[in-house]
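In what follows, structures are represented as structure tokens.
In the two assemblies presented below, subunit A is common to both, partnered first by subunit B and then by subunit C.
This part shows the complex of A and B:
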């Protein structure tokens, strides 16, 4: 009788081991966003230079929305020049880069903007509503929005020149 | 002024005047600033926030986290409840933005239903296994004594006889 059931114990371990193997293959920091493919939430912010920033008014353009903070080092420091380069290279082709500064102090944020000579609009998200609307759980996170106002891609971590170019080129080609 | 009194006695004119007064007061009411959002109990805010995962913490709810992000999320919960949304609608808003990941308790549907069901199934299987084993052990008959051969029987008889 005992021999008949001996295979049960190792068999019971199989699903547990399979689940563990599946779990170890996943990146716990990589949480898929349900927002990709859906319309980007509209927002209105006031940029650090006092001008209004209205996402809805940019419909028809490709918009890169980057969430950052001055305390986010090194990732935000690595991508700031990338975003500025991308903005300068593509701004004549209906591409807009918007920075959204979250959970930060104005003084530190302005120092950050000055130190990287950022010329695209950067606005503080003072009450965190835009951050939650975009399902932000860390910085930096970047959303690439197509001309129809849909989120084409969410990039977690520092944006590289390659990611910026490839994604924006894809969106430009899709027109 | 003096001519007004007889006219008012006319029921039709009275009705028109009454209607004018009602409409006028309604107009005044609509011109007033919108009512302030309803007060929301902090317990309700805590209850909803305690079901949401703090997105910048490890294993902490929005209600329990001291982070700025959690504070902003609590404020959003409070604001939405004050605007008349139900706790389920507030939860649905966060799920829409973050997915089911934002809920500390996985939803009881789809794949995550397993998280709720499997422990009970395993516990029931364990109880059944223990019951079967205990039943089997208690029913087991004692082993029969070894057979006594004729030589042994004779030896026992002799030794019994030698006993005083």
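This part shows the complex of A and C:
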């Protein structure tokens, strides 16, 4: 390898680097949820304000079920205002946001709700049954349920305004 | 307050680091000593500042300062004191701080040791090392800001990953990172050699101890990682070919190859290009390892949370690889080999083969690790490559390496005569062959186990042959046996340190072989008072007990274990329930032994304590792996002692 050809040596590394760069386009954790397209499993909980929450009774409405915890910083802290905004913007159009607080202490959870002035219903999942039914892997995870009670989409990680709007708008338009 | 102080220190450190890197390079080019001295001061200041950052972080952890987001994410009010210290480097951001601190420390030692001894290379070494630190400081300020504020400040933190609440968390990352970062030094010397064109042997002899040190810490880190996996994770194994284990193993393989190939260059002036390439490869693989663990590209039990950091690491990796290769291209003619291989039957060729095998192993591990990525890129199919692939490919490679371990140190340089071969190897080969036969007759069915153990004995015999012969030579000079042996080890510490490290590898090989071939396990549900038997142990379930610890709840099972006719021993495996975790964490209990370990993992149980499922394993000879680690330490210590031959 003499003369100018040797300057091609660095090119040898390019395919490997390109392959690694391609890795950014993928998410190895993005395991498709088997629940999408299936009927959402019904649950009844008691919200922090003492009122009952019954998913089955909300059939006919679009329901956004968000699993969170007060110790889930920063993702849950990022999305709390997003959910509240979404709830306020769409509540008149048959959209319901439900928060399910998992693996948490009540005081810490109530602090969390107060600090973000959340007005949608939040309930503790005391024995973890709902999280198991929904195959929760970590918090936050959010399920978008259509009017027929089927899970339309599962979102892992903090919900953004864009995700919220796009998904809910799609579901509203599906009528 | 801490977030601002910390960020400030980081920014100043970054500025000084860049300044130092530039000044050292300018000093080298223009021959200005004052510039280089200024760069040295910068290096010192960087070390002090990064140390300050670590101390600030530790202080924030100890005082539960949840205004630091990193602290809030990795501790809570229940986290015990000890784990608040280890939490400093327990997650992504902190691990980078620790990393940079270590490179800064190494840089400082390089300044102290080499500023006068390696005048030509030294300024460039400084430039390279400060540039590496700059990169990590940049990551710490931009991509993974360790001192980011949490807004709003949470009342309590999330808590440390419970699996990291283990004493191994203090030693494993420290050793591993000392190993990873240690390779920065030989890499910096290699780049300096390329830049100055002094690609002869000087950089290699100068960095010999550095390389051994880095290699040793990396070995130790891998071993402690294995120990952690064995006694914490509760699956009963010590190695799983997980992508991140592989990430640490690859530089170990190429680093091992480098340790051997430099001897050929020192002795025969061969392999200049190869050695430079190997050290660059090793350093790049350490970066690749950090990239893999922190980019979220490949799923792994070790993966830290992901962020923009992946792009940073990949860019830096690309910069390092491309620049190094361009430098090699530039110095191509100087790197041409001088020596030639005289014969295929010689020590040179044994070492060469050893290098080829080690690099081949590194390549297969690399291939297996990135294959899922390749598969998704090319065919769009998600696959995972598991242990069977790695074992199938690597076991023959490792067996061949063990064989070469016996051949390499004893065979003659240049060209081995038939007489040399007979004198050194006839006995050991016979011992190995007889051992294989005996093992077969004893009923050992696994061919791999037979071959591995026979090879181990063969190599041990070669070491013994050498030791006996050399001691005898000294005894004929009138020394007694023990002083002769001691004098031999100390005078030829490099050679015999190497032998002891080989011995350590053999002991570990026995441990790995034994545990793979003869371990037994079972899983069953026991009623209270019921007992079962496995591998010579009788295990009785005596009941359950609930307790509340500072940051978790715990259910402990009590099992009485009797081995043979001896008295009973109580083992208490448990399940720990952390509020921040979805599933309980197993707490393994075990009884370690020289020949076998009994290992219990508590599975499902009835709340009233009437019955419980328990996973039982009798793992054979695993302790040999840890004992091998101790021997490895002794051998390394011996080999880095200052050489005494010349004084004597």
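In this section, the second predicted complex is superposed on the first by the 149 of 175 C-alpha atoms of A that agree within 3 Å, B and C clash if a C-alpha of one lies under 4 Å from a C-alpha of the other, contacts with A are read in each partner's own complex, and residues count from 1 in each chain.
Please note the rule applied: contacts are C-beta pairs under 8 Å (C-beta built on N, C-alpha and C of every residue); 3 or more make two chains touch, one makes a residue touch a chain.
Given the structure is predicted, the values throughout are model-derived calculations rather than measurements.
In the superposed model, more residues of subunit A are touched by C than by the other of subunit B and subunit C. Within the superposed three-chain model, A:33 lies in touch with subunit B and out of touch with subunit C [touch as defined at top].
Looking at the shared chain after the overlay, A:136 reaches both subunit B and subunit C.
Once chain A of one complex is fitted onto chain A of the other, the partner contacts of A:9 are limited to subunit C, with no touch recorded for subunit B. In the superposition on chain A, A:127 makes contact with subunit B only, while subunit C stays out of contact range. Applying the stated contact rule after C-alpha superposition, one finds that A:108 touches subunit C and leaves subunit B untouched. Contact with subunit C, but none with subunit B, is seen for A:70 once the two complexes are overlaid on the shared chain.
In the superposition on chain A, contact is made by A:20 with subunit C only, not with subunit B. Common to the subunit B and subunit C interfaces on subunit A are residues 103, 131, 136-138. By the touch rule above, subunit A contacts subunit B in their complex via residues 31-35, 103, 127-129, 131-138.
Within the complex, the subunit C residues that touch subunit A are 69, 72-73, 76, 150, 152, 154-159, 291, 295-299, 310-311, 314, 317-318, 321-322, 325-326, 328-329, 332-333, 370, 372-374, 376-377, 579-582. Taken in their complex, subunit A has these residues touching subunit C: 1-2, 6-7, 9-10, 12-13, 16-17, 19-24, 26-29, 69-74, 77, 103-105, 108, 111, 115, 131, 136-138. Contacts from subunit B toward subunit A in the complex involve residues 55-56, 68-69, 72-73, 75-76, 94, 96-99, 101.
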